[in-house]
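Each of the two complexes below includes chain A, the first together with chain B, the second together with chain C.
Take a look at the complex of A and B:
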């Protein structure tokens, strides 16, 4: 077990170095930079500004400086927001984390039971209707669902708002919007996983031995049937907590999603590098957790 | 590690402190006298000398105050701002501003004329690199200082000046001096030293470099005709003044006569200077705070953080929750604080116009930043009184790439121009009560807008018949570039359709994100480009200066020496009526070439709550918060 974790960590580190390097150079090959503006800067002022960000140096020197600062824990300043990148992440990640975690919780609470029930009642009305709803859930994009929830619930339920941040229940609607699509996927994956297990020989043997259905599901089927779902939850969770530009913009939440999009659109290279690296760390970490969980569930992986 | 700790603290505070806050209703905020405004996006800083946009300006106008202030009701008058009174000489070139004797910064330190001198020195300083420094070019010597024309200050008095004044002392930006800067100057080879010196130019060299050139003049590429003696004289002058402050050499026309009297000399008659002083670039900054920074003349945003920001306006910074809100509170040290009726202002950076409208109708905002065209009809139906449509100082137009061989034929430009039906675009696409534009300068004050452009499909066809494409309109290949903004896209498609209907030509639309679009248009890599311009101050020159040959905002390839001569003539004319006439002539001259196609003059559309009083129409939508009040 310890060996697996160690090797995964080493792999993760390699991935992060690769990710950072690729982002670093791609960001500098964009056709525009953070100084491109409608009211263009004159040549001299541009020189001054570029020097402030070391952009007057060669790519290789910039890379060395960046790596050096990175090891000192300095992600540098955002060119557009005029704030340290680490501060921007520290302020916006908690919001995305709360929204994403609540969204994931909603997805698990809805998706997994729905998938199990559908599998147990295979080809029945319950199965068809659950899967139909799941299909709708996957197909309806957040920019449709979000405003519908805002108009339907936010405007009418007293403790909810159509958008905004700071109140006790402001996480509810964006989390539902985030969670429902994931719930739908999860239901379908759980159903498939369960069906696969339920047709296995050892389940049939258990049935033949007269084990009650409840016991079969809880003691024998779930453990194996949920493996695909857990493998999916890991990356899905990472996706949810890194923030969604669309959901944050619909509900006006100060999360991380918008920084990623804006950094790219504005050529804000330091913000972009910082956020990509942070996302990378998160994904590596969450995947590691999912791997550990899978190993615990599946003896064959040990 | 620090990052992790920060994140954990934030999560904890979110869970713990979020527990009991009631609904943020506008009724409650009105009672508390706190104005809540939608403000488009998170400001990119609050240093008035560093920022460049409307969003930042909206917050900064509450925090700081310029010399003059808008009159509460009459747009043609000015009220005292940081200056209690002002006067000028007969031709408006010399201005004296008397500051309030009791004027203070929000930390209680007196606001003096030295703060203004310091501010103008800082924003104009070549090492500071302020984007908007040109807003102060009205001041005598400001441009030369900002462009670091050290040679002019140093060498102008020498007898050889006439001979050497056209030399390049600012360095050759095509040379990349960074290439050689892997070690100290003294360790470079002679060849590398010369390369470095040439790239930087005499104006930016250190004493060490200058001395090296004195010993070996070949370390700098002198142009022919400058004798060895002259070279020595030039280098000696540079060495003699090395280390001296550029500001004191430049003699910029800003002087503190005494603590409360500021004298400003302008390079040309500018009767509308009180309007200019309302722009944030002209605001004072706290000298006593900024001089304590590590380097006052480098970009440093620590002084604008909450708790640090000291300002001179009616409000001061109370809280800035990044990406969430900015809140201002009354500044009790403000000279006119008794007349400030609001207790505070809260700005929300809402980027999504639909979300903003939903929040407005959910009673969370007093006023929105914008109103999406699709929501205008809906909002009028819902509550007509809450929908504001006001004239806004801006023009939307199409740029034509004047360097394109196809456009050498002016008949084609005219054909395109006369077949754009602006009114129908306004009625069916924009729906915001805009005005069809007949020229580039929108109506303002005493200026008579041009009437050159109109929709006349018959005339357009006549002109088109004279082009070489008349027989085969499909042979004309044009690319129209546009941004990914929904309104720009729909506008481009509408124009594309009009040209197809009236002239039979096919234009291809190429959409890209904002910055890629800017790069394309700046490189003249387009045929037609959608575009717009918002005025920086209420004077026609803000729409006319941009077409000068060197202006970064030109982007059409159009240039004309006579046009620039007319603008220069207007600049030297002190009689306002005569000046306006010359500017009208200049505009007519520009439009006669059909380098652009004006489409509409902007309106600002937004939702506005009736409880806000004292919010009058303003051509730049920069209503002073000072005069506003809230009543249920």
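Take a look at the complex of A and C:
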């Protein structure tokens, strides 16, 4: 167990170094930087500005400075927003986290029971219709679902707002939009996992022994059948937190996705690097936790 | 004398696919959508009158970029089959041209990722042992990167390079349309394709790993065939089933990626349009002109649904063992 965690940690560290390096160079090779749109600067002022962000130095020197500052916990300042990147992340991460967690919760509440029921009633109408709905859920993208939900629910239910952030129910519509596609995937994975377990010999043995169907499902089938679903939840959760750009832009939530898109469009390199590194850390952390949980659940992996 | 003809794997699979009504229907729906997006605009363009006013008023297939402020938000009519948008552009022709770009990006990106994934996975599986372990660790590492984030950054970079090379293409005498596709569309395909091959590599690798121990490969090896011959001519053709299935399931995912980027304003740029752009524009007029959002949404969702259905159906048809559950 300890060995697995250690090797996963080492692998995660490699991912982060790789990610940071790739982002560093991608950000600097961009066709524009944060001063491109500012036409008021003359050549000299531009030099001064660039020096402020070390952009006049060679890539290698910039990289060394960046890494040095990183180890001091300094993510530098955003050029466009004139604020420390760490502060921007601290302000926007809670929004993305709430959206991602609520979305994941919705996905689990809908997806797993739907998948279990479909597997138990294999090849019945319930199974077919559940899987049809799941496939529709996968095929309808967030930017179609979001506006439709906003129109259908947001316009009719008084406490749900179509856009904005700050009210106590503002997370509802974006989270549903975010969670439904994941719910659909989860339902498919859960069904496949359950079917796999239900066809195993030990389930047949239990049936032959006269164990009631309820007991078979709860005590024997669920334990093994849900392992693929749990394996999926980890990466999916990381993806929901770090990939909510579209939902955030539809419902105008001030999350990290919005800052990332703006940073990319404006060439705000330090904000870009900071957010991507933070995303990377999140993904590594969530995946690590998921791995630990999986090993704890499945003794064969130990 | 009558010789009983055995059914090949493919004819068996075809029969099974036909029996799966949803998948079979999806197949024809996809054929129809491809036909509509590629054949209608070409035919409509060839027979279009030279005069722009003539085309805008009397011809059935409008120029997708011709604006007309008098005609904005026109309701569907015999003039404009699906009405017009906020700039008076014909929604019908914009939908078809947008579909061209969306389908093209999905297809080209898939081809790029398939070539990368199949060769990487096949080589890893064939070499086995240490090489396999190292190569698959690298894939694990790449899996840890946030996909959409890197796609966005990479596509910005590649399109910069493409724009720098544009003058060279003009010197070489490429046609305007070809340059447009190379400079504005291809970078996006490359970015998605370059980052989307990991799952394919895993699928192919595990298949190669198990099938290289089979007797027919053993026999081919004892005949003294070279390694590339063994891998690409003997082993890979037998993996066509899983490869086709996974390819079909990849295309809708990539179309979705392209549309998401276009929706955020980071994908296809004007004057080109894609379904993602139509959807993001339509979302702005959701309240007053729901038609502008609903029509592209339905076409878009139907396309993805049909592709996903077909992929599922192909998996059942080509791998009957997996579908017994």
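Rule of thumb we're sticking to: the second predicted complex is superposed on the first by the 298 of 302 C-alpha atoms of A that agree within 3 Å, B and C clash if a C-alpha of one lies under 4 Å from a C-alpha of the other, contacts with A are read in each partner's own complex, and residues count from 1 in each chain.
Just so we're on the same page, contacts are C-beta pairs under 8 Å (C-beta built on N, C-alpha and C of every residue); 3 or more make two chains touch, one makes a residue touch a chain.
Please read all numbers here as calculations on a predicted model, not as lab measurements.
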{"item": "Combined model on chain A: chain C and chain B, fit or clash", "value": "clash"}
{"item": "Touched partner set for A:209, first chain B, second chain C, both or neither", "value": "neither"}
{"item": "Which of chain B and chain C A:3 touches, first, second, both or neither", "value": "neither"}
{"item": "Partner chain in contact with A:150 - chain B first, chain C second, else both or neither", "value": "both"}
{"item": "Touched partner set for A:250, first chain B, second chain C, both or neither", "value": "both"}
{"item": "Chain B versus chain C as contact partner of A:89, first or second or both or neither", "value": "first"}
{"item": "Chain B versus chain C as contact partner of A:300, first or second or both or neither", "value": "neither"}
{"item": "First, second, both or neither for A:265, with chain B first and chain C second", "value": "both"}
{"item": "Contacts of A:14 with chain B and chain C, given as first, second, both or neither", "value": "second"}
{"item": "Touched partner set for A:135, first chain B, second chain C, both or neither", "value": "second"}
{"item": "Residues on chain A lying within both footprints (that of chain B and that of chain C)", "value": "31, 147, 150-151, 249-250, 265"}
{"item": "Touch list for chain B against partner chain A, complex", "value": "1-3, 6-7, 10-11, 14-15, 18-24, 42, 44-45, 50, 52, 126-134, 147-148, 170, 173, 178-179, 298-299, 301, 321-325, 348, 350-352, 354-355, 358-359, 361-362, 364, 513-516, 518-519, 522, 552-553"}
{"item": "Partner chain C, residues of chain A touching it in the complex", "value": "11-12, 14-15, 18-19, 22-23, 26-27, 29-31, 122, 135-136, 138-144, 146-148, 150-151, 192, 195-196, 199, 239, 242-243, 245-246, 249-250, 260-261, 264-265, 272, 276, 279-280, 283-284, 287"}
{"item": "Touching residues (chain side chain A, partner chain B) in the complex", "value": "31-32, 36-49, 52, 56-58, 61, 73, 80-83, 86-95, 97-98, 147, 150-151, 154-155, 158-159, 161-168, 249-252, 254, 258, 265-267"}
{"item": "Chain C residues within the chain A interface of the complex", "value": "137, 140-141, 144-150, 152-154, 156-157, 159-160, 163, 252, 256, 259-260, 263-266, 276, 279-280, 283, 286-287, 290, 293, 297, 300-301, 304-305, 308-309, 312, 325"}
